[in-house]
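Right after this note come the structures.
In what follows, chain A forms one complex with chain B and a second complex with chain C.
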Partner chain A sequence: MRARRSLYLFTFPALLVIGLFFIHPIILTFDMSLTNYKGIGEANDIGWRNYERIVARDRYLNEIWLTLWYTVIVVSALTVTGLFFAAMLHRLPLIRNFSRAALYTPAMMSFVVVGYIWQFLYSPLNGGINVALRDLGLGAWEQNWLGDPSIALYSVAFAQIWMFTGFTCAIFLAGFAGIPEEINEAGRLEGASSWQRFRYLELPLLGPSITVSVMLTTIGTLKTFELPFILTKGGPDGATRLLSIDIIDNLFGQYKFGFASALSIVMLVIVLAVAFLQNKVLRDREQA
Partner chain B sequence: MSLTETQTTARAHTGPDWDFITRRAKSILVHGIVLALVGIMLLPLIYMVMMSFKTSTEIAQDPLGLPDSLYWGNYMAALSSMGYVRSVLNSLGITLSVIVVVVFAGAMAAYPLARLQNRTSRVIVMIMALGLATPNFVTITPIYVIFRDIGLLDSYLGIVLAFAALKLPLAVFFYTSFIAAIPMELEEAARLDNCNNWQIFWHVIRPLLAPVTATLSLFVMIMVWNDFIYPLLLLTDKDKLTVMIAVYKFVGNTGIDPTKLFPAAVLGSLPLLLMFAVFQRKIMAGATAGAVK
Partner chain C sequence: MAELSLKQAVKKYGNVQVVHGVDLEVEDGDFCVFVGPSGCGKSTLLRMIAGLEETSDGRMTIGGRDVTHMDPAKRGVSMVFQTYALYPHMTVRENMSFGLKIGKTPKAEIAKKVDEAARILKLTDYMDRKPKALSGGQRQRVAIGRAIVRQPDVFLFDEPLSNLDAELRVEMRVEIAKLHKQLGATMIYVTHDQVEAMTMADKIVVLRDGRIEQAGSPAKLYDDPDNLFVAGFIGSPRMNFFDATVMSTDNGQTMVSVPRLGDAPLPVQVTQALVRGQQVKVGLRPEHFAADGAMQASLDIDVIENLGGVSYAYSSFEGEAHPVIVELRGAARPSKGGRLTVSFDPSAALVFDDDSGVRIR
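Here is the complex of A and B:
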């Protein structure tokens, strides 16, 4: 038994690194969140005032809602697009591997690069999308994709959905591969159409894959920072100002380290709460 | 699936088999539609490559057209002023160092977690789960302050340790589920030969970890290579910039000039995309490892 206990010595290097550069920083973040630290000079203890300001101002509550709404859009869309491509490709073995890799390629790229490409695609005059619409005779559909407050958030979301459709598709394809062939065989003998087989046989069996995909994309999307940072910097008119954008702005735009830390702690609590709730709801549903 | 089916039905008839022909046509049509949709998804990437070869006049006059000829001038300009080679070497060095730390510390930590189930292991697993869920901009402020105070700002060592702490939880999860699947009998035989824990880990467990190490390394490589916020804030020395920061500085400093933006985007993504082309199967397997569990 002693020998087994001493096994925990093996965790020492990992825990040391994580302790110093992850746990310790989180504790420091919390400490700083109770001060008005400006990056240099004195850090005055101001109690919970930063948090009171967050709760009292519509600006921050709106950012939280915007972050959650953005996540809902991206995660639902990614689930649908991923399921669509996976269901199609599962039925088309000839082009499955090629298409899976092709769809996954954007997920291999950096947010910075993806942000730049879409920034140019969206640009109002010579941008790829507006020019394509004009060439197709759909000039009336031209938009100022990133400049119009009513659509900017959806434009940013679209770029993110484009980037990660291959990711959810790959997860669902693995799920499809785990469905026993006999089940579909039986469905086919009963004369079920392709859609009916998907809807009534495959979809219910994909529960675990959907859980994994939704949880991974939710956490990933809540953390979104780079795309709106490159594409819109939170504009126009705050239309894409997610909580993460405001944290970075407070931090390295205004050097309000204390207040940025309070926002970070709020962010962390939201991410953990959502992850916990989702895990519970989705796992329960799976068992039901 | 439908190929064998349709062939057998085809043999049963004589003359033109319309059933066979319509099914065949339908199958070709479906393949065509799905391939077209995949093609549409690739359009932004094709656009990126196409634009990188156009002169600024071509871009202004015909924003969507194919370039008249492969114009390498944009690439020449980008290569000469974005410090590309240096930044690739920096990214490579940082990425490989992070992989070494994460693989060693991760595999070691995973061994007891895979073998012992008690309160201690549950607490450690919880810490790892917290690490997976935490956005990196939550810890970046204090890391910046800590590094500034102990002189790790603008050092390779600092950024490697910061990345290692960020990616270790993932490594621990990868290895824990993998080691848990290794039969205990292998270890027990070694234990009877009086091997200590370290010898068992090093001589019995470690040699079996190669496949999961390969997948994990590719994963960590993608994430570290593409990361933006850590190197942006922790490195300022021009000679230490990573590829993505070099791209960001090169493009960001000049507004959006397409003759700079697109070649820089291609150059920044090229090393990873080449790697993806080679290790496609491994990466796809890793991407879905979580789903299978």
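Here is the complex of A and C:
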């Protein structure tokens, strides 16, 4: 009995913090999402009308699909590039620590700095990428990287992938470190090539790292706002208008507090649903 | 199956040399055990043979083929690791067939080889289980099975029993010995447990600080050690060593005085010329103390360990690193410490140089 009481006593502060700073704001947001509050004046209860508007208009559904597509691109690329660099560095112990730090550096930079750097690189006239292409005699490949609606999303995604590859690489390197060296040696003695050891021995054993990496990058990318906002502000022609950008636009651009809250709740539900689904699928795969 | 030969094999890590010019011949079908204390280089030497460690200098052949710098997979060796190194995400069958599958062996042949190995190792009922659902002994058998299916020229075992409990270790020891007989394969086995070495080996190689101290049959190493280290390492309980002084070498009979065993001069069997007054070490194994020995000594016994059929009496003396151990047999064994008169046969005593530790024959 005493043990149970002290159990509650010790968990109470943590529960209090979670309740106060996590659950309570969500309840408040949900409450506001059922109003037409505009920052000043009264908040009138309008029922589910904000949600009906989200579901009824193509614009918001397209934004949800765009956010999901952007997440698929970024998470897939981050997983593949992170795995690639981690597998390489795992086999090159001499440069491993230096390279890991170097790869992680972009993730430590501010989004504003990264956004500024890539804005310069993507600049259509004298941007680093177009100049480099021109100098290499590949002038035909020059693009208006952030101005062309058909490639803007991919350009923004590329900057985000560049920024966070070091992060996933660090997760996978930790995963590699957890695989006993004897497993690899047994594979070598059995004649498995470096690729075969990666494919048949290391990759399956990296399951838990893949789960962690995919979960974290998915949640982070679904909520991402900074890079698209700094690079394109959702343009051109809505090509990079992710859900998060519309939330900010409604909130601080149009002061539609109620509607922005409804969009935030939709985003929270999407993040939770995707995270839950992913966790289930990936954990099941690990157990198999 | 094939013989293994090492000629002046050297391993260096940067400027640090850990294996110093090892020469070794292992006959085809031999069970050779590398034994020695921790850090003596036995595992490094095994890994050099496997190709998991690059050989810095010297030459290594398996079945006459120079494998010194050959890829591990092409050497014709299979290795059983201390930690088993089973692939945790694969079933027993997949673990055993992985190497063959990688080598593009036809499926029917893989199935035949794996089933045969499973039958030999009594693993047939566990083929669809993953390693985590197996006991330590079963995992060890899977690791051995994985080695068998590749039909290597040489099997390498790196302390394969050290993760098992005492009872299972004895069981697996017998199983590996049986397997050796059944397969007739050349096996190299690393252990720090000299009981394993004595019971399993055709040939024991005693290593210390990256050098071979002595190589030979278990009986040869036990009865006729080349130096103090081998004499002390082989045998359990260890050999007793006594400080002694040469008293006389008249008429080809060398007499030494061993103060710890009383005042009577001890005749020792050596043919090498010794100088009167020379300091030597005399070695006597615990079982060389017997009821009907020609000489007698009186010892203060601190502790007696009764193991059932045999007892060991321990006699400590100030300044001595190790107590003198006496083996006692028979019904009239004392059960408590105190003054004990024991007799021994002086012809069993071995003599070693006090400085170099080399055996004086």
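A few notes on this one:
In this text, the second predicted complex is superposed on the first by the 269 of 288 C-alpha atoms of A that agree within 3 Å, B and C clash if a C-alpha of one lies under 4 Å from a C-alpha of the other, contacts with A are read in each partner's own complex, and residues count from 1 in each chain.
Here, a contact is a pair of C-beta atoms (placed from the backbone, for glycine too) under 8 Å apart; a residue touches a chain by one contact, two chains touch by 3 or more.
This structure is a prediction, so every number in the text was calculated from the model and none was measured.
Applying the stated contact rule after C-alpha superposition, one finds that A:Ala239 touches neither chain B nor chain C. In the superposed model, A:Pro180 lies in contact with chain C only, and not with chain B.
After overlaying the two complexes on the shared chain, residue contacts for A:Val75 are found with neither chain B nor chain C.
In the superposed model, A:Leu201 lies in contact with chain C only, and not with chain B. Of the two partners chain B and chain C, more chain A residues are in touch with B. Contacts of A:Ile18 after superposition: chain B is touched, whereas chain C is not reached. By the touch criterion defined above, A:Leu189 reaches chain C but does not reach chain B. Of all residues in chain A, those touching chain B in their complex are 3-4, 6-11, 13-15, 17-18, 20-26, 28-29, 32, 39, 85, 88-89, 91-95, 99-106, 108-113, 116-121, 123, 126-128, 131-132, 135, 162, 165-167, 170-171, 173-175, 178, 208-209, 212-213, 216, 219, 222-223, 225-226, 244, 247-248, 251-252, 257, 260-261, 264-265, 267-268, 271-272, 275.
Only residues 50-52, 72-74, 77-79, 81, 83, 85, 87-89, 98-99, 102-103, 146, 150 of chain C touch chain A when the two sit together in their complex. The touching residues of chain B, counted against chain A in their complex, run 1, 30-31, 34-35, 37-38, 41-42, 44-45, 47-48, 51, 59-60, 63-64, 101, 104-106, 108-109, 111-113, 115-116, 120, 124, 127-128, 130-143, 145-146, 161-162, 164-166, 168-169, 172, 196-197, 201, 222, 225-229, 233, 244, 247-248, 251, 256, 258, 261-262, 264-265, 268-269, 272-273, 276, 280, 283-284, 287-288, 290-292.
Considering their complex, residues 180, 182-183, 185-192, 196, 200-201, 204-205, 207 of chain A touch chain C.
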